[in-house]
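Common to both upcoming complexes is chain A, partnered first by chain B, then by chain C.
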Partner chain A sequence: MPEPLAWQISTVTAIRTETAEVSSFTLELPTWRPHRAGQHYDVRLTAADGYQAQRSYSIASPPSRAGEVDLTIEKIADGEVSPYFHDTVVVGDRVEVRGPIGGYFVWEPAFGGPLLLIAGGSGVVPLMAMLRERTSAEARPPAVLLHSSRTFDDVIYRDELAALAAADAGLRVIQTLTRSQPPGWTGYDRRIDRAMLTEAIAAAGPSPLVYICGPTLLVEAAANGLVELGVPPSQVRTERFGPTS
Partner chain B sequence: MSDRFVSRGFVGRAREAGDKAGRVPPGQYLTDGFPVLSAGPTPQVPLDSWEFTITGLVRAPARWSWQEFTALPSRDWLVDISCVTKWTKLDTRWHGVSLDDLLGAVEVEPRARFVTAHSYGGYTTNLPLTDLLNNQAFVAWQYDGAPLDPAHGGPARLVVPHLYLWKSAKWVRGLQLREEDEPGFWESLGYHNRGDPWREERYSGD
Partner chain C sequence: MDEPMMLDANAVAGDLAEMFGFEMTAVVHRCAHCGNVGQMGTLLAWTQGPGITLRCCICRDVVVRMVMTPSRTLIDVSGAAYMEIRRT
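Here is the complex of A and B:
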């Protein structure tokens, strides 16, 4: 039998607001194991009467940050675990977790590239871990992030992504805002479609490794669209979610 | 368990009462939706080229076309399903053929102890033969009275409701009977080899 992936009590050491509904929580881990970009942790909450709730959250930080992980969590209005993080957790609180988990939706520098990353909303979190990992890698493969959000204020990691792209000719970030756009917006203004996918493939370069994460409809549309445009299905890794409440 | 960790200020949802509470495995929550989780693009499988095969340690390998397969004796199945990503859905209604009938048609050799399910798109999952017999498992082509949506595994999907849902191979195209166990897709990537939700067998070593 392999070693069980044990539950451990982490400590919240920082909370960063990303958007109105999304925050990143830094967890300090007594037993830290290096993760692979794209993996997640399971969180388990226990009430005084013994009732428990578990959810999975993607790791946003790169594995180069030893001893801790950032989990970026979107607050789901009728959820159970995400509202606890947003409304109750403060720095210094302890949270039971286990991980890292997941062996397929992962990228490490040895995989090479080019990377074509497609995200809907908070689906950008595991892809951000990949981009952060890529930034610290010796050889950076070309990378494209196609990111769909509802509004300008809903774009998670907006400033960091803009700064990364500005400093790195090998990284292209394509943003689309599906619900409303601010004055002077130069990005796209609709759901991800064939034209956007065509542009993303061209920008990434031949034979990209594709990672798609987001709501089911977006993932289905993007994955099917890429396959229709000639990307081999075996090159396309997906992670679909309904909201993780 | 006086030393159990308690999450400060966590109350949680209203507790499920009675019958429902007893049907939710540990660490799972109830959902009315039907979330979709797959590792890659959804394969599009035309029905006129679809086929289902049973191979390996059987006396006579079998192959069914879509027409032949959906003409097999079939029935409705009302089952609870649990996904390793923590959701459980009660009273899901499927229509399909029992694995007892499929395996009965090929005469399984006595030394066969494991099954690998193969899917269009390349997915595989492994199961002990004993988890597929005695009306525990079926291959479904309808969900809730309608053809099974491709995103949920259509044209046809293996359903093994007493194990986590990754064992219920979407887009299934065949079963291979084996003497030795061989880890499938997720089983090779850190997930539990058997996946019993009631024992919370999520990951290797659980």
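Here is the complex of A and C:
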């Protein structure tokens, strides 16, 4: 069995802005362990008086990058940890983390496919790790990403996803914008519903492996909708964020 | 049960690993109430209280309760009829 999970001090080596509310933080780890796409790290902040706040953030980078991980973090206005990252952390800062964590909501190329990935907002982060992992795999199973965001500017990894889909006939990206749409928008303009799920299932192909990540109510709706459409519950893995958004 | 607050056991996988000493979400369990067999990662998690409650995704009965204090950890797994932990 591997060594028990231990807290360690990582160093922030890069910060990349993804959207107005979302940035990716590259953490260099003294004790790096290869992760599996879909896993997360726990982050712990300790105040001068000893008060601690802990949150989990999904790994966005593929496991092939040794020694470091990217955590993509959305700023939650009244949060205890994410505002610290967005408002205070600069390159060179040290942050206490433990990971990689989780053996359930994971995908690796050996699992095959087809992959049906459904994300609400920053729920796309662990799914992006899967897509990045898939891109570097020898055999790429067909994959569909159904991604719901509020506005065009809120779509995390928008350009990278478009580029990946344009270069790969086996990858289909379906975007829906629930709050507002730019002129000429050709994607969906409402919350994920039965019609979208039906299209996503058809695009993925028979017997897909399903990963759903996002706010709890979106995950519930998508998971229940898929099961009503005949997808076996055992094929559906979920990661709920809670009441966010 | 407050549905919007509901998470997955994956959200507390770090705390589970700390308590049990290894990755728990891939461990197979059987619900002592309804008999459902599945990975611990399928359990639904409530984390807003003083402790952590994990419920069966089928019958919603309590499978695991955990409370951590600075000096000790309390774990009630009476809702799991068994756990199957891989040694390799």
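Methods note: the second predicted complex is superposed on the first by the 239 of 245 C-alpha atoms of A that agree within 3 Å, B and C clash if a C-alpha of one lies under 4 Å from a C-alpha of the other, contacts with A are read in each partner's own complex, and residues count from 1 in each chain.
Keep this in mind: contacts are C-beta pairs under 8 Å (C-beta built on N, C-alpha and C of every residue); 3 or more make two chains touch, one makes a residue touch a chain.
Values in this document were obtained by computation on a predicted structure and should not be read as measured data.
When the two structures are aligned on the shared chain, A:Val227 is found in touch with chain B, with no touch to chain C.
When the shared chain is aligned, no partner comes close enough to touch A:Ala20: not chain B, not chain C. Once the two complexes are laid over each other on the shared chain, residue contacts for A:Val91 go to neither chain B nor chain C. Once the two complexes are laid over each other on the shared chain, residue contacts for A:Arg240 go to chain B and to chain C alike. Contact with chain B, but none with chain C, is seen for A:Ala47 once the two complexes are overlaid on the shared chain. Of the two partner chains, chain B is the only one that A:Glu80 touches; chain C does not reach it. When the two complexes are overlaid, the chain among chain B and chain C that reaches more residues of chain A is B. In the superposed pair of complexes, A:Leu5 makes contact with chain B and with chain C alike. After overlaying the two complexes on the shared chain, residue contacts for A:Ala202 are found with neither chain B nor chain C. In the superposition on chain A, A:Ala166 contacts neither chain B nor chain C. Across the two superposed structures, the residue set of chain A contacted by chain B and also by chain C is 1-2, 4-5, 56, 101-105, 216, 220, 237-242.
Contact residues of chain B toward chain A in the complex are 1, 4-13, 15, 26-29, 31, 33, 35-44, 85-86, 121-122, 151, 185-186, 188-190, 203-206. Contact residues on chain A toward chain C in their complex (touch as defined above): 1-2, 4-5, 40, 42, 56, 98-99, 101-105, 216-217, 220, 237-243.
Considering their complex, residues 1-5, 9, 44-48, 50-56, 80, 84, 88, 93-96, 101-105, 216, 220, 223-224, 226-227, 233-234, 236-242, 245 of chain A touch chain B. Every residue of chain C that touches chain A in the complex is listed here, in rising order: 3-11, 13-14, 17-18, 21-26, 39-42, 87.
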